[in-house]
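Chain lettering (A, B, C and D) follows the sequence in which the chains are written, and residue indices restart at 1 in each chain.
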Amino acid sequence: MNVIVEREKGLLELEKRIAELRTLNANQPVDLSAEIAALQGKYAQIQREVFGAMSPWQRVNMARHPSRPVAGDYLAALDRFDELHGDRHYRDDPAVIGGFAKLDGRRIMAVGQQRGRDTKENLRRNFGMVTPEGYRKVKRLVLLAVRLGLPVVTFVDTKGADPGIGSEERAQSEAIASCLYAFCSARVPIVATIVGEGGSGGALALAIADRVIMLEHSVYSVASPEGCAAILWGDAGKAEEAASRLKLTSEDLHAFGIIDEIVPEPLGGAHRDAAGLIAATLQRVAVALDGLRALTSSRLLEERYRKYRRIGAWQGRNRETLSAVR
Amino acid sequence: MAMPEWLRRRRSKHENGEEAGTWTKCPKCQEVIYRKDLVENLSVCPRCHYHFRMHAFDRISLIVDNDFAEVGGDILPGDPLEWIDKKSYPQKLAADREKSQLTEGVICGFGTLAGFPIALGVMDFNFRGGTMGTVVGERITILLESARERRLPCIIFTASGGARMEEGMLALMQMAKITSAVTRFMEDGNLFVTVLTDPTTGGVSASFAFQSDVVVAEAKAMIGFAGRRVIEQTIRQKLPENFQTAEFLLEKGHVDMVVERAEMKPALARILDYSLGGHEVAS
Amino acid sequence: MAMPEWLRRRRSKHENGEEAGTWTKCPKCQEVIYRKDLVENLSVCPRCHYHFRMHAFDRISLIVDNDFAEVGGDILPGDPLEWIDKKSYPQKLAADREKSQLTEGVICGFGTLAGFPIALGVMDFNFRGGTMGTVVGERITILLESARERRLPCIIFTASGGARMEEGMLALMQMAKITSAVTRFMEDGNLFVTVLTDPTTGGVSASFAFQSDVVVAEAKAMIGFAGRRVIEQTIRQKLPENFQTAEFLLEKGHVDMVVERAEMKPALARILDYSLGGHEVAS
Amino acid sequence: MNVIVEREKGLLELEKRIAELRTLNANQPVDLSAEIAALQGKYAQIQREVFGAMSPWQRVNMARHPSRPVAGDYLAALDRFDELHGDRHYRDDPAVIGGFAKLDGRRIMAVGQQRGRDTKENLRRNFGMVTPEGYRKVKRLVLLAVRLGLPVVTFVDTKGADPGIGSEERAQSEAIASCLYAFCSARVPIVATIVGEGGSGGALALAIADRVIMLEHSVYSVASPEGCAAILWGDAGKAEEAASRLKLTSEDLHAFGIIDEIVPEPLGGAHRDAAGLIAATLQRVAVALDGLRALTSSRLLEERYRKYRRIGAWQGRNRETLSAVR
């Protein structure tokens, strides 16, 4: 069970009671304003307690919240979206949606990993876990965007790349590797948004970008906490502990220079005001695109190179010294 | 340029040193092999051809013409996440350093192979399971950048359990960093060859291992994105024996060729020779 | 530039002319439809949405903004193989010319689509089953070369049974000729869009139909390399109903989108608009 | 039954008798020289009658002769051949063999369609009918050749592209189309040899080249005679008639300017002296490569473009006039 959904239950109960009292207040002569105010105060207090300082594990659960806006919600909020399908070879992967789009008049190529909004859609979309064909579709759309001079905007939301037999047989590694290569060499601006869970290489395949924007309660991690716990301690059950160590929150990643900016979420999470949050996110994307538009493609590639070139932390001589030594 | 002393010394320790008189059991066919015979057979089981995982020192000696100049060897791991579980990350690193005699999971440098000057990177599974952290990323990036400057072909032997957990997202981002370097290196028209040895998985498999001009797999190596255990847990059944082997991948079209260890150097020499091309491709 | 008289005249013959009062049976659902209603519904069955094959005249009228300037219309077929079976090739050509009012299997030219200047090619199944001979190859090549000179996007509607037997290898080589022209056209950064209509098979399917930036399929169209009959004879069993349909291909990832006839012009207009891009891609 | 194999039977019978008489002659005092000479004369006469002026249908059967050298025989005759496998996505198609090679010291990329030499190999190699993965392998190797500046040499021998369900499902059309595109745009010299049957688009996918060399008794056709007969007359049995109309012989194609040169075969066909014929063919390839080496890649592309640009025959105004009109 999602720990955030669990904690929301008490609040929903309170919300319901406040609404009831309000109805009562409106229809009856008795004045319940004081009671309502008290409940509202209590509500706000609990809300702050619950959501004010969330642990990394709570963040993970918020990122996975079943009501959290999914990539398709962002695509639907664009002025226009014309979906393009398929890898041209084998299959159209429903875990990835992509196509031509317009953002406040700006022509772009938009691509996102699509979790389902319910069980049925989740089965069809493989819970947003992309297969090799999905990554090949992304690569194809990025190359098309480069041909047409369209900036690329991505919406990242995946537990990780699909780990099934079929995906291994059809070269999942090569598919992700080619996707990374396409993003590194694309001569158009790329803006990535981490809107939900950013799980390992399967997320990075859509997230090499000139500007990486992350939602406050999204997470982005070298492995899912379950995966990390299984790898290190042979026990996926220790996911909460792993989450606490992995530095996967937006603030941690901002401090490391891995993401560029954070979009604040309403208290209680993105789904408490989906429309507002989506609009705010797209606004940030628009600003980022406008900032990148002035750069020539060579400059763009040079800055993208430097941005990733410097990510790392090690002891010993620094890069400059080494250069001199060689 | 000659083989540096530290490499010769460490190599000899593995190859002929204190372990020489012991016996080793083949994990595949259970054959008990005299250590010295195994070393002479390039750590390949004489009975079932199982390729034992190879130390980077031994691999370098096997591949280069007795010369090797390391780059990036002074880049050493920090502890960016201040990671601690049963042990702290620095403690784990110290233990692996002691055990493997390596300072990190890859050795990079320049040498010649059958007379062809090359840039060479060799990962070693004995250091943190060949996981890729910031040092592995930095050393390989320096190798590719230097090779690009010198316009030399680059060969990397991979062996990796994936990204290193204890460095979190900084480890994952090495996929992006190395890919950036690979992109530049290749777009300048330089030859990039990867040799996938046992095991090559996760973030290494899903980045530079499969971004090369020629993907060579060492015989019997396990190569894949997800680990065998993860897949088995997901599908709740046993996978066929040959799943994710080099030979399986050859049939599935993922790798260009599967090469036995004894044939590796001549095979790479031929690839290097072909890469001298003949027709000028003006752009 | 306005719609030329010949196009307007021939079109009206099909759309409103002598056939207007007759009845037509839908080959898919057997519905009997008043011809005039069918024309008003863009030759789409009102009951089952079957898309009747469309005359090139009608298609051009549907797609362009009432202007069209043909190119290559004076290129007419010869008889390079001096082919004769039940009839001679020139006799077959004459019969098809009479029946279809077309001089060959494709009409090419320039016009505007929702205000966007474009190069447009429209194949017609009514002339020798839309087969590609030297004239189809030459006209499309001229179209692509002219579009390249003018730096205009090019849209081609395909409908073809493949290469034309009666012109032998000269027909097959049109795949090479058109592909050469497509290569140059695209490498200059121009937009190439193909719309695959019923049926698109053989040498057309296996060349320019699938070499474009955006592959659009008209709803319900049959699209494939080998013909359905050939495959059924090879495997000695019936194929599923939806095999090789546009919708099947969408699922299999071969085409970018499936578009209903009524939505075709707006869909193409949007693609043309996106192709105006925004970021300069210096090389 | 192959009509050439049928006709060879009588000749093989005669060959056997001549050999017997020779043995007899050597071991016995009776002089049989006259009888032997007579038989040899008869043999030569029949051979001329049978193979001297072959009909197009006989040519088709010669091209399909089970003993005719296959692509692999040519590859084996190179100084060196290092096979490269796979499309990197799905499968290594055994109907195509390709890889790095050396031809008298010249570094090349060699690719061929491989029929089997017996039933077992034919099943494995799908009778040389290439699937989408095979064409994608070819495309990949051509792109690699371009990266390394290696000329491409192909050996064409196929009835046609595989027409199976799986090939349709995995986008056979797109695979061939991409292959054609790769050959048209490759900035390295390409020499194609038609060594057996060149069947329709499935053959053309390996045959767009700066120089096309065809063996005398190879055929190269818009469709297989059976396919053509089925398409036009609904009767694959009329293949012989179709063959007679299709102009598929090396002489016809040379006259049309579709192939550049013809390698003569020994009387009775390539398999009567496989080693000699292979050496002669490779010699022609070497000469063609040397001729192309001097060209810059732009010049090469320009000449390749013109070569295909002019193939066609139609009435009406010629190209130059049209250009002026536009």
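Everything below uses one rule, namely that a residue touches a chain if its C-beta (ideal position, glycine included) is under 8 Å from a C-beta of that chain, and two chains touch if they have at least 3 such contacts.
In this text, all values refer to a predicted model and were calculated from it rather than measured experimentally.
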### Summary
Label-sorted list of chains bordering both chain A and chain B is D
### Task
Check B-D against C-D and say which one is joined by more contacting C-beta pairs.
C-D
### Query
Among the chains, which is located farthest from chain D on the basis of C-alpha centroids?
A
### Gap in Å, rounded to a whole number, between the CA centres of chain D and chain B
42
### Message
Distance between chain C and chain D based on Cα centroids, please, to the nearest Å.
### Response
33
### Task
Between chain B and chain C, tell me the centre distance in angstrom, where each centre is the average of that chain's C-alpha atoms.
52
### Query
Which chain B residues sit where two or more other chains touch them?
210, 252-254
### Residues of chain D touching at least two other chains
88-90, 170-171, 174
#### Entry: Topology of the chain contact graph, where touching chains are joined (line, ring, star, complete, other)
other
### Message
Which residues of chain D touch chain B once you look at their complex with the stated criterion?
### Response
80, 82-93, 100, 106-108, 133, 137, 144, 146-151, 187-189, 293, 296-298
### Query
Which residues of chain A touch chain D in their complex?
88-90, 132, 136, 170-171, 174-175
### Message
Considering only the defined contacts, which chain B positions touch chain D in the complex?
### Response
186, 189, 191, 210, 213-215, 250-257, 267, 270-271, 273-283
### Message
Quick check on the complex: what are the chain A residues that touch chain B?
### Response
161, 163-165, 167-174, 176-178, 180-181, 184-185, 200-201, 204-205, 208, 220-223, 227-228, 230-233, 241-242, 245-248, 253, 256, 258, 304-305, 308-309, 311-317, 319, 322, 326
### Residues of chain C touching chain D in the complex
71-72, 74-78, 80-81, 83-85, 134-135, 137-138, 141-142, 146, 161-165, 167-177, 179-184, 187, 202-203, 205-211, 223-226, 230-231, 234-235, 239, 243-244, 252-254
